[in-house]
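What follows is a pair of complexes built around chain A, which joins chain B in one and chain C in the other.
Our next item is the complex of A and B:
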């Protein structure tokens, strides 16, 4: 009855079930603690379009944008939130494609970074091999160059009305993942002709080849 | 030595009944797994992260719960895809999505920790867009560390055999009370 085996198994099973129960409570708490996406105060403007090209090798039009983005992500964070993946997406409709969605820019904000000073944050970014765009969860980015070109599936970007949205994906410490889209969007009608890069830093060898 | 005595002291009937209960455990585990497959619409609804390409979201040894669902794909979703001829499924984030008027889906993925998308280097040579049939699941739940057990068992098969053996013996010899 009181052999080492039964003791070990009792302790083992009891602690696993307690731990499991706690994890479930933690996971469920996300439902209550996650605020609606409208809690964030977001300013997002498409600052400029700096080039619109035909990328023949990849078979599509490409556009490069600059943005102004301002928001404070701190209200999103609660005890069951490990990191948020914040991303700017472009959405548009073409004759052939009902839905086109492209991520133009993204960044990761980890919970532990929220208390970092600017210097600590930089060090943390080097460790993770990625740039840190925020200070204590606040994104204040003016004239931000998109990381990725908006590349169409075909040559339909001229005269195209593109809508930009700020989205984020919540990764918990344990539990369910959430996707949220901020209700405020901004849009831009692209010009009717192709334009060469307006800024020197946006020329690339690829533009010349194409 | 206790366990050996326990086995030796058993009569045939007792041994048979314990074997049945062991088989019962194995069978119910299988049933639960297959049920999960059906409910989630994923062939393997629970996967273990093997690489660091999604750091810091997912680390090696974390467990992911997959669920296919009916809702349409969105950029930012984390999907699991498997290419023909490749054994290991890959967990990456959707960064580009085109759905044409007939409902055909074209996708492009990227690991959070990678510098460029998967088209150059990860996809097979003949894959330009990822399509619906490559997707085997969408990540909906996350549990850290627990998958380390499977990784250790895969890296050191002896550990696996030892654990299975010990569990089998314990089930066989456990007396009903």
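Our next item is the complex of A and C:
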């Protein structure tokens, strides 16, 4: 600390310690700021089951759903939240497994996107990276086809009681990542026979193989 | 007076150490409070960086307030040549450590 160079060096290294302290405060603050999952207003309906099919090559039944989802994710966002990975999961029980959980649809809602309208998202090139299902944090989806088929590891989907849940994965800037499930769930009982695809866009090449 | 060539004394070093720590922590605390209020961490970082700049301005150059307690060196004593045997004292460097 005798010469100005040593003072400059000491102050520089102290600044990294200060930065570390700030990040620790940021990580701890998210425990205060994270609301319980029931704070969101979620409307979830499983609209229709359009296909129940045996995928013999894969070794299981597959079901394709269309659903409605209306929710506003803004109450979740605080200064430590980088993005939320929202996904719709289906749960059911079979003789083989106590719980089966399958993800049917997912999307990512980032914090920067909360302030962009769809036009601005297009301008920023965000739509080219991945499709964006929300506008300023509000998800207003009607009759949306699920991204993924509910694929069972056996042929047990007929007469099955399936529960649909909305979950999201909180991804912070600093700190631990964790999941939250919304308490409002919908159920559907699947039919007892296999159904062929009802809408033209559901018809896929796999049906020809089987 | 050149603020980057003269050096700082011991009391000044103590003052400088306390000052930079207090300034940076104060700005960091103000920054976290303000960042929590606006819910934006970038605000916190900007205010803390301002604290770093202020601490640098206050502590890095050798300001006069840091050089107030200079050490008092003893004066050189001039001895007449007769008292030391008429010759100038000879400095014996044979056993000076190699590291100096």
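We adopt the following convention: the second predicted complex is superposed on the first by the 193 of 210 C-alpha atoms of A that agree within 3 Å, B and C clash if a C-alpha of one lies under 4 Å from a C-alpha of the other, contacts with A are read in each partner's own complex, and residues count from 1 in each chain.
The rule is short, and it goes like this: a contact is a pair of C-beta atoms (placed from the backbone, for glycine too) under 8 Å apart; a residue touches a chain by one contact, two chains touch by 3 or more.
Keep in mind it's a predicted model, so treat the numbers as computed, not measured.
Engineer: Is A:14 in contact with chain B, with chain C, with both, or with neither (first, second, both, neither)?
Structural biologist: The answer is second: A:14 touches chain C but not chain B.
Engineer: For the three-chain arrangement built by superposition, which of chain B and chain C touches the greater number of chain A residues?
Structural biologist: In the superposed model, B touches more residues of chain A.
Engineer: Is A:39 touching the first partner chain B, the second partner chain C, both, or neither of them?
Structural biologist: So A:39 meets neither chain B nor chain C here.
Engineer: Looking at A:173, would you say it contacts chain B, chain C, both, or neither? Reply first, second, both or neither.
Structural biologist: In the superposed model, A:173 contacts both chain B and chain C.
Engineer: For A:153, is the partner it touches chain B (first), chain C (second), both, or none of the two (neither)?
Structural biologist: In the superposition, A:153 contacts chain B only.
Engineer: Between chain B (first) and chain C (second), which, if any, makes contact with A:24: first, second, both or neither?
Structural biologist: Once the two structures are laid over each other on A, A:24 reaches no partner at all.
Engineer: Per the contact definition in the header, classify A:101: touching chain B only (first), chain C only (second), both, or neither.
Structural biologist: In the superposed model, A:101 contacts chain B only, not chain C.
Engineer: Look at A:78 in the shared chain and tell me whether it touches chain B only, chain C only, both, or neither; answer first, second, both or neither.
Structural biologist: Second partner only, chain C.
Engineer: Would you sort A:110 into first (chain B), second (chain C), both or neither based on which partner it touches?
Structural biologist: First partner only, chain B.
Engineer: Quick check on the superposed pair: does A:3 touch chain B, chain C, both, or neither? Answer first, second, both or neither.
Structural biologist: In the superposition, A:3 contacts both chain B and chain C.
Engineer: Need the overlap of the two footprints on chain A, from chain B and from chain C, as residue ranges.
Structural biologist: Comparing the two interfaces on chain A, one with chain B and one with chain C, the shared residues are 3, 173.
Engineer: What part of chain A is in contact with chain C in the complex they form?
Structural biologist: Residues in contact with chain C: 1-4, 7-8, 10-11, 14-15, 18-19, 21-22, 25-26, 29, 78-80, 173.
Engineer: Considering only the defined contacts, which chain A positions touch chain B in the complex?
Structural biologist: 3, 5, 9, 23, 27, 82-83, 85, 87, 89, 96-103, 108, 110, 128-130, 148, 151, 153, 167-169, 171-177, 179
Engineer: For the complex, give me every residue of chain C touching chain A.
Structural biologist: Residue positions touching the partner: 3-4, 7-8, 13, 16-17, 20-21, 24-25, 28, 31-32, 35-36, 38-41, 44-45, 48, 51-52, 55-56, 59-62.
Engineer: Which bits of chain B are touching chain A when the two form their complex?
Structural biologist: By the definition above, chain B touches chain A via 2, 55-58, 72, 74-78, 93, 95-101, 106, 112-113, 139-144, 170.
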